[in-house]
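In what comes next, chain A is part of two complexes: it sits with chain B in the first one and with chain C in the second one.
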Partner chain A sequence: MDHSGISVLFEGTNFQRLLGGLWVTVRIAAVALIIGLILGIMLGVLRTFKNRPLRVILRLYLEFFRIVPTVVLLFLFYYILPRQMNFNLPGDQLATLVFALWVAAEMSDIVRGALISVPQHQKESGKAIGLNRYQLYRYVLIPQAISLEIPATINLATRVIKTTSLLMLISVMDVINIGQQIIEANNHSHPTGVFWVYGLIFLFYFLIDYPLSWWAKRLEKKRLERANG
Partner chain B sequence: MAEQILRVEHLEKSYQKKHVLHDINFHVDKGEVVTLLGPSGSGKSTLIRCLNGLEEYQKGTITFEGKEIVPTEKNWQQIRQKIGMVFQSYDLFPNLTVMDNILLGPTKVQKQDKFAAKKEALDLLKRVGLQDYANVYPRQLSGGQKQRVAIVRALALHPDFMLFDEVTASLDPEMVRGILNIIQDLADVDHMTMIVVTHEMNFAQQIADKVIFLEDGHILEQTPSKQFFSAPQTKRAQEFLDSMDF
Partner chain C sequence: MKKRSLTRLIAVVSVFATLLLVLAGCGNSKKSSSQSNNPSSVQQIKKNGTIRIAVFGDLPPYGWVNKDGKRVGYDVTLAHRVAKDLGVKVKFVQVNANNRVDALNSNKVDLVLANFTVTPERKQVIDFAKPYMKVSVGVVSPKSKPITSASQLKGKNVIVTKGTTAENYFTSKQQNVKLLKFDSKTQQFNALKNGRGVALADDNSYLYAWSKNNPKYTVGIKSIGPKSYISPAVKKGNKSLLNWTNKEINKLTKESFFVKDYNSQLKPYFGKEVKPSDIVLPVK
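Right, the complex of A and B next:
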């Protein structure tokens, strides 16, 4: 066969275009994770406070982003917000915003869970040396919570990276969308190209996500060893 | 007459329906060592935790260094720098080294000069025999070593008053002596004012100027130590002493 499917990957600028798409994917995921993690830590801390209205509002925020499917969130922000509220952003920035808000919601729950599992005694011995609430969180509770929550956070990151595959639905030129374009353009000359293009995309996602999930497992194992030692 | 550093009047504490402290009245003079004795569940720990605001109380007043404490969280933050507390379970911060555990209060809360605070921390560590452990993490220490660090951490704030809440209760027997010697030393050399909750009767007898005997949240007796151990005024205290091995 002179038109083997694999050659579609290297024809013209196809490979560079796929890498460019991958970069869009990674950039959106990375920026969303950075913003989302910072916001999520703050919201998680607020959720441990006794203030009831605040807790209810943050809980509703979490449940909204957890229950509504990500694709619906993307459509909501992409189609409805611009029309109803005259809120216009390019697709990739909008996707970053949606993912950041989603990460913040999930992260707030992870952080809250970790904070309340720091033993009560730690809080008391912090208070006993005169720490105020800010100092208690800053030097005692948050550092201990972070070591508890890192594996869950990394798992969240792998989920976010995987879910960026939905971006093509709001016309962001991510790796999947570009792959789809290449397949359609070459469908006639390379009928088996679809396997190679998706095969490569699979490899891309695997190469990004697998080390993360390996790292999460390793950290968790180390933490348990330390906790038992 | 000696200067009163702490005065507790008509203190009442309850959790929901359970009344745990009833009309507590006592005072502590400057330099005095008071031991708080009583059966388990008599309210000893609850009482000393009220004295630095870790427990809320419903009625009564606590006067510290001549000022009645208005029990807001902000005021307690100030007062806790003057009233150090050491707990049964040591509770060092596992995310910080020994030195950073000690320096957290002096440098972050009291804004002491870091260099001077560090030098002082090293002196204190030397005093408890741990000068070589400044840079290790708490998980690398034994229980007795952790408790010594916890004492140093409290002392680094220059408290006027110390509360010890069963600080030897979770230690191996061979570690107990070392901790008690440090407390004894604080009383003898520094003339530190303190309230000690303990089940070590020999130690209580040796260190205390005054004994407060608590049962079911009532103070049944407060007497000079000598008298308490030789001829307690109440039958319950006599029974309590008879039940203890020492």
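Right, the complex of A and C next:
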């Protein structure tokens, strides 16, 4: 086992460093998700209103963040905006901001979709008993929309976590970046280290993402059971 | 009426929330930039007490991270010395080959010490100080199928890293060679090992080191294209730090700091065929 690549993982502080990188990854994803979800729900509700200019603006916002690849967004915010507009943030805060804006855009579409798929008669019944717009959303539409949107939201969360692997491009010391440092530092003494380091990173991502997607599946199943009796 | 005002309220609140997110960032930067027009001048660096230096994190023996999580290497030793002579702390920012220029121009770092080769194209967008190393492009290939002359590369796949001198040279001077471009050193060597190209082009000193540790490969072409130099780089127009760095390089060359740096950081990595004088510049 002397020259087996697996020893690379446990040499010196390598393992702690990988865990530290994972923490950076998780922290950025978590903060971005929290901010993005809150903002996204507000934007999603606004998108169901009949105000045309508002809907056009929000639609443009959604399409911009959905169409432009995340790599390009990161580059744009990290390298190009600072030069043009004197807008300078450290890499990890900037990454959180970009991801939050992206999550908000995607989330607004999920929320809008869920809100308009609540059966029309529910809305009409609400109006019939004299609820105003706020009450209608608060007591009728949003509670019913939540169960519709949760699985899609969790899927969005897993996508965000996976996409954090792009952060190495803007000098954020995430788990992939640290993995590459370790691989390069040990490349000559342990050529098979690549396999083990990436294997461990795979395991990390899997351990975070799999429970989430399992949870999403379970919620979806429960919802169907409830809906169909 | 009630409904309307509520709609408006929600609209205003969310628009403000979005704006706040964006402006929070702007506000910060305005504060820092109003202190001085040049956030990377020597005076400003001394005032801040830290110099931000861009280094590689995956390029042994120039800039890499050892098993204790410490940044080490030829460039890193120089970076520590520069910070010491300025009397400030050093903050390292890890970069890739193709974002070194952007890191400077968008004020992410004050100085780049990341094996940065001087080229006319780069000189137009950033300022280089005096060189502290010399290299040229080399080509490494498997020993079983060695490439020893440029003519053997015609129409074949050659692996390079984006933004390197090697990519530049082959794109402009050897247009009949097909290039496979990668984002990092890790990726380019994996591609060579997986046989995605017949050879890999990069700075020769770096390839000497790599082939010493990968005995199945040989640097078949030791030097192709013009000789080039490696220099510290600063943002275009940052005269203050540029002049200081030039003086520093002169001083360090005279006290043979670079030979010592070579012996401690590079020698263990290079084969016997490489001598300090192949890498370090002589005292003028």
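The definition used in the following text is that the second predicted complex is superposed on the first by the 228 of 229 C-alpha atoms of A that agree within 3 Å, B and C clash if a C-alpha of one lies under 4 Å from a C-alpha of the other, contacts with A are read in each partner's own complex, and residues count from 1 in each chain.
One rule holds for everything that comes next: contacts are C-beta pairs under 8 Å (C-beta built on N, C-alpha and C of every residue); 3 or more make two chains touch, one makes a residue touch a chain.
The model shown is predicted, which means the values in this text are computed figures rather than measured ones.
With the two structures aligned on chain A, chain B fits next to chain C without clashing.
Once the two complexes are laid over each other on the shared chain, residue contacts for A:I6 go to neither chain B nor chain C. After superposition on the shared chain, chain A has more residues touched by C, the comparison being chain B against chain C. In the superposition on chain A, A:S125 contacts chain B only, with no contact to chain C. Superposition on the shared chain A places chain B and chain C such that, viewed from the Cα centre of chain A, they span 160 degrees in steps of 10. Contacts of A:I150 after superposition on the shared chain: neither chain B nor chain C is touched.
In the superposition on chain A, A:V26 makes contact with neither chain B nor chain C.
When the two structures are aligned on the shared chain, A:Y139 is found in touch with chain B, with no touch to chain C. After superposing the two complexes on chain A, the shortest C-alpha to C-alpha distance between chain B and chain C comes to 5 Å. Residues 132-133 of chain A lie at the contact with chain B in one complex and at the contact with chain C in the other. The touching residues of chain C, when paired with chain A in their complex, are 2-3, 6-7, 10-11, 13-14, 17-18, 21, 25-26, 28-30, 32-33, 57-60, 64-69, 93-96, 99, 102-103, 105-108, 183-186, 189-190, 210, 212-214. Within the complex formed with chain C, the chain A residues making contact are 11-14, 16-17, 35, 39, 42-43, 45-46, 49, 51, 54, 78-80, 82-83, 85-89, 91, 93-94, 97, 100-101, 104, 132-134, 168-171, 173, 177-178, 180-189, 191, 194. Those residues of chain B whose C-beta lies close enough to touch chain A in the complex are 52-54, 73, 76-78, 80-81, 84-85, 87, 89, 91-96, 104-105, 108-110, 139, 150, 153-154, 157.
On the side of chain A, the complex with chain B involves touching residues 119, 121-122, 124-133, 135, 139-140, 143-144, 147, 226, 229.
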